[in-house]
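Listed below are the structures to be examined.
Each of the next two complexes has chain A plus one more chain, namely chain B in the first and chain C in the second.
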Partner chain A sequence: ENVDPQKTAFLLRKAWTLYSVTPLYRFHRARLRDYARLLSAFIAAEKQKGLAVEVGVELDVKVVVSSLADLRGSEQDQAAVLVQLSLRSQASSRNSEDKLVWSGWFCSVYGDDLSENVPEDFTCLPLFLTHGAESYTSMVGSWFQKTFDCCFRRLAISPLNLSWMVAMWAGCKLDRAASAVELVFSVPRLSQPLDISYAIHPEDAKALWDTIQKTPGEITQEEVDVFMDCLYAHFHRHFKIHLSAAKLVKISTAVVSAHCDGIVKILQSQYLPGALMLLTELAISQIQ
Partner chain B sequence: MDETVAEYIRRTVLKMPRDEIKTMLQKWGFLSEAQLQTLNFHQIKDNISQEVVQLCEENSADIKQAAVLDIIYNHIYQNKRMWSVYQMKKSGEEVDYFDITDFKKKFKRRLRSALKNVTITFKEYEDNAIWIRVAWGTPYKKPNQYKPSYVVYHSQTPYVFISASVLKSNMPLLCQALIVASNYHDIREMELRSHSLNSLKDIVFKRYSQNFHTYYPKPLQGENVEPESADIRIVQENRSEKERIHRLNWEVFGGGPQPKLEFAQYKLETMFKSDPKLGVLDKKEPFRCLVKFSSPHLLESLKSLAPAGMADAPLSPLLTCIPHKARNYFKIREKKGLLPESFVSP
Partner chain C sequence: HIATSLPLPSERDHFRPRIDLIVFMIDIKSKYSLKNVEASLAHVDASFFLGKVCFLVTGVGRVNACSIETNAVCKLGEAYCSPVLFCELELEGIRVATAQRLLRMLQICAGHIPGVSALSFVSLMRTFDDD
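Coming up: the complex of A and B.
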């Protein structure tokens, strides 16, 4: 679990779009260079077919596929696989600094539930995270689907799971500049749409959670429910509105922020493994 | 014609939707009808604006005229800006006769005595609104025409609506000039902000339908009391509850349209109270929260909360007081003493 913060720095403070991925058939870690070449050719062909990403200037898309050995939970987990797309200008070779335009990585952090039950030829990396234009995501996804007979699905995060995240990370140790614990609700079925942002001072949210959590390092559903009920009750006392009947769409803490459409931002490296573990679990339940 | 003026006019015209350029230029009145006829409005805006600049060149436009065109644009697209409301106070009961010329003179004099480089432009509208545009410079730099402040003053009222530029440091000077020019002695910012200038006016001028605690009209024949179509599964019990909610809503909000606000913000510094059985947080310190409600039409959406089953009726006074307290920013603290459940809003 000792993840080198240097190597994973690029993961932090970026908004990642989440997908669940079914196991990859006959994926060979020794062939990463080959895969990069094939994916690059695929993208070039797609662009020629007219599914151009960049209008106008013809830019070469360079593909790099690499292994992130440290990014895993247990020894059973497969190491993460990172795919990066850069644009290299064909024009001048002088100023040829490649511009990174899209990143996507497959990972599994304590995904034993899935990997235990899968035949040998399959590689389990159930969580896929992307950052960059949707058109690139679509091309990379298509290639992987064709090549490894896998299936991608957007990973939605339910209000139940969002409240787990709030509870889990509201109690984290805070540094001086910690941001508020924020819950964003959307109220459906009204004549005019209404959004409610409920932000709690991080010290006060932590103080509340600390009195609820019985065992450090362990969280129960009951504790999460009590935490949320307390927040709902405080809100109701003032506004007479039943927040529990509204849709929780986004949460933000000093550690992680997450949106119900499956978009996540991880802000601190020490909580990266914990966050990935939770997300891997969500991905696996969506697959099964 | 000054290059910077030409560029400013060009950019102002570019902001306008193509099919509205002609109307705005006519309202401006700086170019003659004959000149306007020569303009081809069926080309791309870039070209239209170039032609307009050419005509302005012929008439030797200066920054003063360009500023008027800018006011016209912003008057029509006032809802693109965020407006704050300020209230002025008089020391005595005297009702001064308002002299527009005197007002303008004093305003300009006060501003210019403090800051040499300012562009000040006035335009009066039919509803007694005086629009003032101020472009700010420094002792060493000419005014920045692209970040002006706009002030809307209805002379028969103590209210001023200001859409400030980013340079907040000019606010004290602007406020001073306003009270000097209008013969008031003090001005304070109200906790009321919105993009909808008309709604802000509705609220402070009390032009919206207000609550009537004593009179609830019987629904007219055929008038649909229940917003959704009648469901045969709704029994008498639910029906009377629906009617109760509807009546309470009517008492609080009135029957007419609500002023259009986009948000309300509450800074809560109240105590956290919970069921002692839960055994949770029991601090003596406030539970600090910031709550923000947003909607394209906030008051209408709040009004529909109780009928939708999302809120208790009557709705909390913290929400229903928004129009008559003329504020949408609140700081809520616990009221000390006999009634621990009530809140104070300073």
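Coming up: the complex of A and C.
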């Protein structure tokens, strides 16, 4: 729970693509260096096969696999595992800086629902977040799938879950420069795709949520429904459009922004555990 | 006969044949469709809820596009003592099977199946759900 903000600063303000991962078979934390070597060799081999990412200069891909001890929810959770891919230029090996090209991390925050029911040889880290080229994601994913017999799936976020997120985080304590709460809807069944963006002043959103939420720290589906209905009713009053008939595809608050294709950005470190807890839950329900 | 909401326009009341079954369609991707159905229910005479009403939830194939909690729809079905069917209209097989199911229900509700009344049929469906 007490996550050192400095260690996790690199996680903030980046767009992470989400995946759910089934439990890893015979994953040993003591062997992280070995895994890094094996993954590096695998990527080099894939590049030789012609699936190279970089065209032109052959660059070494350096792999680092590390454990993020503090990044977990309960004691039952496994600590997060971070995989980083950097390009090391062969020209000047000593003093050139490695360029970080891809990061991915596995984590579990209060994933007890899954870890409770799993046999001993399995490590539960149901949420996988990536940042960087898709080609690297696919290579890393393939290696993990082959080595630990696990399965990756893109984690989509339904409009229902997105509205839960808006309600959860629109009511957060605001600092001076809080950005607007924005909801983006996609209108179905039109010949030309149409997106509607609905921006709400963060203070108004917080004021609305404060009148609805009965118990601080607790949120019910009814409260989320009332919150969204108020927003829809307000929009309808002004524009005569029923947003409730459109598909909510993206939400943005001062704390977190999320897209239904499973892309999130976490903006403030104090809300990182809460956000990861929700995402872990979504990942687990996709697995089960 | 298809209507986007109830009540039906009163001008055509005397032309309208007897209504044997009302199927309320709820699109799981549209919160608006649920609200619309809830508002329309208020205009239905109580006698219809003795087996002549059914809720049809469409779009269930796309779990990731859910805007409605399925729990909310099931509660609606319980509140109005009417069955809730789930289907995915985009898949032809399920579309055809659902149509056949509805047609069968309609035959019962219209009294075309001897020995089975709308009320006895819906109570059969209800005991199945409770299991």
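As a convention for this text, the second predicted complex is superposed on the first by the 286 of 288 C-alpha atoms of A that agree within 3 Å, B and C clash if a C-alpha of one lies under 4 Å from a C-alpha of the other, contacts with A are read in each partner's own complex, and residues count from 1 in each chain.
Keep in mind that, in the parts below, a residue touches a chain if its C-beta (ideal position, glycine included) is under 8 Å from a C-beta of that chain, and two chains touch if they have at least 3 such contacts.
Model, not experiment: these values are computed from the prediction.
*Asks:* Determine, under the contact definition given at the top, whether A:I266 touches first (chain B), second (chain C), both, or neither.
*Replies:* After superposition on chain A, A:I266 lies in contact with neither partner.
*Asks:* In this superposed model, does chain C or chain B come into contact with more residues of chain A?
*Replies:* For chain A, the partner with the higher number of touched residues is B.
*Asks:* For A:L160 in the superposed arrangement: first (chain B), second (chain C), both or neither?
*Replies:* A:L160 sits against chain C, while chain B stays out of touch.
*Asks:* Classify the contacts of A:C230 with the two partner chains as first (chain B alone), second (chain C alone), both, or neither.
*Replies:* first
*Asks:* Does chain B (first) or chain C (second) touch A:A180, or do both, or does neither?
*Replies:* Only chain B is touched by A:A180; chain C is not.
*Asks:* Considering only the touch criterion stated at the top, classify A:Q221 as touching first (chain B), second (chain C), both, or neither.
*Replies:* It touches chain C, and chain B stays clear.
*Asks:* Considering only touches as defined above, state whether A:I241 meets chain B (first), chain C (second), both or neither.
*Replies:* first
*Asks:* With the two complexes superposed on chain A, say which partner A:A207 touches: chain B (first), chain C (second), both, or neither.
*Replies:* first
*Asks:* In the superposed view, which residues of chain A touch chain B and also chain C?
*Replies:* Common to the two interfaces on chain A: residues 242, 245-246.
*Asks:* Under the definition above, what is the set of chain A residues touching chain B in their complex?
*Replies:* 180, 187, 189-201, 204, 207-208, 211-212, 226, 230, 233-235, 237-242, 245-246
*Asks:* Given the complex with chain C, which residues does chain A contribute to the contact?
*Replies:* Those residues of chain A that touch chain C are 156-160, 163, 188, 221, 228, 232, 242, 244-248, 260.
*Asks:* Quick check on the complex: what are the chain B residues that touch chain A?
*Replies:* So the residues of chain B in touch with chain A come to 266, 268, 270, 272-274, 278-283, 285, 287-298, 300-305, 308-312, 314-316, 318-319, 332, 341, 343.
*Asks:* Where on chain C is chain A touching in the complex?
*Replies:* Contacts found on chain C: 29-33, 35, 63-69, 72.
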